[in-house]
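One chain, chain A, appears in both complexes that follow, with chain B as partner in the first and chain C in the second.
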Partner chain A sequence: MKPAVAMLLLAGLALAACQREERDTRPQSALGSGEQPTPVTALEPGGQRPSPTDNKAASFEANAFHLSEGKRLFGWFNCSGCHANGGGGMGPALMDEKWIYGSSMESIHATIRDGRPNGMPSFRDKIPDDQIWELAAFVRSLSGNAPSSAAPSRNDDMMAHPSENRMPDAATLGKSP
Partner chain B sequence: MPAKNYASTRYSELAEINEGNVKNLQVAFTFSTGVNKGQEAAPLVVGTTMYIVTPFPNIVYALDLSKPGAPMKWKYEPNPEPAAQGVACCDVVNRGAAFADGRLFFNTLDGHTIALDANSGQPIWNAHIGNINIGETITMAPLVVKGKVLVGNSGGEMGVRGWVKALDAGDGHVVWTAYNTGPDKDVLIGPDFKPHYDMDKGKDLGVTTWPPEAWKIGGGNMWGWISYDPDLNLIFHGTGNPGPWNPDLRPGDNKWTSGIFARDPDTGAAKWFYQWSPHDLHDYDGINEQVLLDLNWQGKPRKVLVRPERNGYLYLLDRTTGEVLSAKPYGPVNSSKGVDLKTGRLIENPDKLTGTGKVVRDICPTASGLKDWQPSAFSPKTGLLYIPHNNLCMDEEGVEVNYIAGTPYVGMNVRMIPGPGGNRGAFTAWDIAGEKPAWSLKENFPVWSGAVATAGDVVFYGTMEGWFKAVSAKTGELLWQFKTSSGIIGQPITYRGPDGHQYVAVLSGVGGWAGAIVSGDLDPRDATAALGFVNAMKDLKNATTAGGTLYVFRLP
Partner chain C sequence: MKRLASIAFATAIALSLQGCSGWQSALDPKGPAASELAWLIWFFTGLCAVVWVLVMVALAMPLMMRSRQRAEPLVLDAGADNRKLRVVMTAVGLTAVILVGLTLVSFFANRTLAAIGSDVALTIRVTGHQWWWEVRYEDATPSRILTTANEIHIPAGEPVRLLLTSTDVIHSFWVPSLSGKLDLIPGHMNVLDIKADKPGVYRGQCAEFCGAQHANMGTFVIAEPRAKFDAWWNDQLQPAAAPMSDEAKAGENLFLKRPCVMCHKIGGTPAGGTVAPDLTHVASRQTLAAGTLTMSRGNLAAWIADPQGVKPGSHMPVVDLSGDELNAIVAYLEGLK
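On to the complex of A and B.
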């Protein structure tokens, strides 16, 4: 086999080994969609019922593009004004293991969309629904709840804490149970 | 009023408790406020009743001092909108109430000023003057002058345009509103306005020293202290930082932010203005207390205004004209190189200019200032001003920011660190005539409580660990201390009880901007949390927990 052919074959093999992250190149731009009701409590009289899930949750959560977009939007929509870089300020910390209104993607999405009574504003009709999912995915990454292969890495700006792809899971702080 | 008198000296003539016997002080009674947020208010004693205002939800309690244990006489719950907590920059604090003519006046976080019948606790009027949907809250203690309740808004971190309003004490209607940015007619600048320095002269500077329209979201809020001089018929109030913090977004001097106004209390008309920090670079709000004194200055009797300012200088102003007589740093300052007494202008340090995408390190003092809102006290017996303050430095990086009404408008990454020496706070006695410190005590945490001075030559203040301390007014020697249940950031007071004896009272309960890490349960792993303050307070959670309690002390 000639070296040129071998090179070509190798190149073909190398290309085939790349798995391209799938994402929707034409994201939903509509405002205020996603009307899925999300309970804010685990207490359900008559026995716990399965929580409603949204198929967007999984597709956004482990996606590097959406996570990095979420990080950008976290600054642009002034989330960082209240929650700082996850440590909190006017609003609660997002990088710890405490979740006032639930830790699921669906719960965080609902918190951003509908607001919460003690100060969290409602961004309904202000942020496109897909961007709310991106924000929710980034918020989860702050407490180490996103795959490290997808979570954002170093900032261009002043580093406030280790990058999101190095954050330990806040619930266990990286320790095995 | 929280500041004891219109001159805001926080000096009491009571002398039963003195340097010799203060070591015997013991608890007379305590009272839980039931609120676990930062207790910055001063208890108010009128006749035989003590009034306290809690942080959000702004409950007012009246305690009957004439009975053993000071039982509750009444309480009033204004039930402010819970969403207001989401637009209060630095904990949901309240700095106290004011009393006049049988009525108690206080502000709520969601922008109401309320008048209560001080005897029964029944509301008389309720004026809604702030809008939380543009980020406006009210945290300051009102001041009542000539039948008018003076109130200012908070929101310098939310792009809120600052104002001061005078409400009629009788029915709560707004008599005048003076904005701190914008055209002269909004600022109440008219023919009587005679600033001392050329930099403050000109038409509509509140518009022309800003990029187009930026003054509408430019801050300059008034959430601190007001003093009043009845002889000159002038009120004095500072103005807060310009918004956003990132200075690249607002080239110009940004009038009338980070300065001080003298106004006619009847009409609000401005008489003079002086700007502490033109085109402020570091969130140096200009809202601290102004202590009005009549003293001999370089051989001449002068009516002065003393201001320990956030930018680190202790200013002496002629309060009739706004001329700066003296401006000396009372702690470590490197963000500026002094004040030019000819032009009145702060001399900026070119090495510490902040801007977008640029990390500037080791700027002293911090955004919270060498001293923040925590009021100082002046004793005419010693001629010393007792200043509770911080000793912190910071790194800053300007970042882009969008204005979205009702959300923060800051545009700055900040992380704070302990200042030179490692002690994060200090309690300094400043010799006004000598323009130098007489003594200074180091404290581990920022001294975020107020001070009170007494004729017994004892000065009281509290620490964020929870120690309530009495020190000698002359030497600073620690004479007595008591560990309260939570960190102290409140304003101590002293009063003569119905039994004729002297009492000392203070609210304990950590919080505020400095204590937000505890009261807001913030995460110390983020250096920028609470606008960077958390980085300097990482160990506070190990030193104290939240919880509001009133402590009252007396001699046995």
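On to the complex of A and C.
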């Protein structure tokens, strides 16, 4: 009898593993893009922009779905063209801990939406607001700010060597037998 | 009562056989590859059924027959033993012959499949995306290269080569009425030769689970007579139709000012996104979003207003549009024949 009860309890506990993260495919916050405070000045050297924290900042940051969507959009909208894969190119590196315009989700969101004077274009109207938040969450995850359970993994093409299934066969050195 | 049940059962089976014909069925072949495969499966099924029946009869016979009592059970009967041995050896021999035979039959069927593409005149690159198909017609003249989505037009009666690959995860291209399935693998190119015997529309379906909207990743192969196919290709090469009404004109402007332009391309306009279906001639297609909706003004509006309601998880985000803006964009896209 006892072992059966214990087994049942264990099985019940295992059910917890079935809990999956919700994929909220249309979050539509109370704070839409139009209701965000418009910047008074385009110049904001250094410091963080004081802006109300959006509920999305918190909910997107630790969410694997939104982070991976952000990662996909980072490639789709060619952020990589100027920032490489976060390492920096014509635009600054995004994976280090130096932030010209602040490291908070709200600051990064504002950077993408409104642009920055030294060459960062504005994506207002060109990217829906939810997707800007996803991009901001992904940009922050680049410097290791996201929980590892949620952070997207590195691309195959950025690995030091090809993934195992694409490696030449060690025995034949890549030549077919 | 029992009789009624068995009649109902037989009717149900007969009805379900209906599902074996139509525009998406391996048992209703419309091209040489599919015919070869259908013949192969019927041959295997038939032969295996005969063998199965014979084995069952052989098993049942000793159970049904009353065994003769031997007078002296302990005395060896060499004649009877030899007979049994001969029966068993014959059965083993037949099994070997049948297995080798089936292997040969499937080998020759494979050769027929491989021969379909011996003189292809047309090469089409099919790229799988979550959850739609990018279709690119290759041509030696760069200005004749054509990119479209979800619908594959081919000339009927001519072999066509499909180059299959993917940008994200593994998908699988399967148009059962025309051929077997073949995977689209990221970083790798697979080659599938297809041929439709007669003009017609054949439905295909992604056949490798690829994420949330795998079920809504359909495609259509539209086989047309050569002349009609050539005319279609020439039409598709034209830039997008200029908007005719003021509303459509406003729609074009909105399309170019809003996020749509980041993902979609409309030939002849500055919209040059390459990560989503080409919309240059979107209204000439029969369906929207890889077979999810039929093409109509209402469905276009439903899709643009809420793609995440129609196809949850798809990679087109909800774009905030007012009612008037939505109508204008739909009026514009509806004219892109």
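The rule is simple: the second predicted complex is superposed on the first by the 114 of 177 C-alpha atoms of A that agree within 3 Å, B and C clash if a C-alpha of one lies under 4 Å from a C-alpha of the other, contacts with A are read in each partner's own complex, and residues count from 1 in each chain.
Keep this in mind: a contact is a pair of C-beta atoms (placed from the backbone, for glycine too) under 8 Å apart; a residue touches a chain by one contact, two chains touch by 3 or more.
Just so it is clear, the model here is predicted, and its values are computed rather than measured.
S.K.: Considering only the touch criterion stated at the top, classify A:P128 as touching first (chain B), second (chain C), both, or neither.
M.R.: A:P128 contacts chain C only, not chain B.
S.K.: Does the superposition put A:K98 against chain B (first), chain C (second), both, or neither?
M.R.: first
S.K.: Touching A:G87 in the superposition: chain B (first), chain C (second), both, neither?
M.R.: first
S.K.: On the A-aligned overlay, A:N55 touches which partner chain: chain B = first, chain C = second, or both, or neither?
M.R.: A:N55 sits against neither chain B nor chain C.
S.K.: Which of the two partners, first being chain B and second being chain C, lies in contact with A:R23: first, second, both, or neither?
M.R.: The second partner, chain C, only.
S.K.: Between chain B and chain C, point out the one touching more chain A residues.
M.R.: B
S.K.: Pick one for A:R72: touches chain B only (first), chain C only (second), both, or neither.
M.R.: A:R72: touches chain C, not chain B.
S.K.: Pick out the shared contact residues on chain A: the ones touching chain B in one complex and chain C in the other.
M.R.: 76-77, 126.
S.K.: State the interface residues of chain B toward chain A in the complex, per the touch definition above.
M.R.: The touching residues are 82-90, 157, 357, 359, 395, 397, 399-402, 404, 406-410, 413, 415, 516, 520-531, 534.
S.K.: What residues of chain C sit close enough to touch chain A in their complex?
M.R.: Residues of chain C touching chain A: 187, 212, 257-259, 261-263, 275, 306, 308-309, 312-313, 315, 317-320.
S.K.: Touching residues of chain A toward chain C in the complex: what are they?
M.R.: Answer in residue numbers: 23, 25-26, 28, 32-33, 72, 76-77, 125-131, 156, 166.
S.K.: Considering only the defined contacts, which chain A positions touch chain B in the complex?
M.R.: The touching residues are 75-78, 81-82, 84-93, 95-96, 98, 115, 117-121, 126, 157-161.
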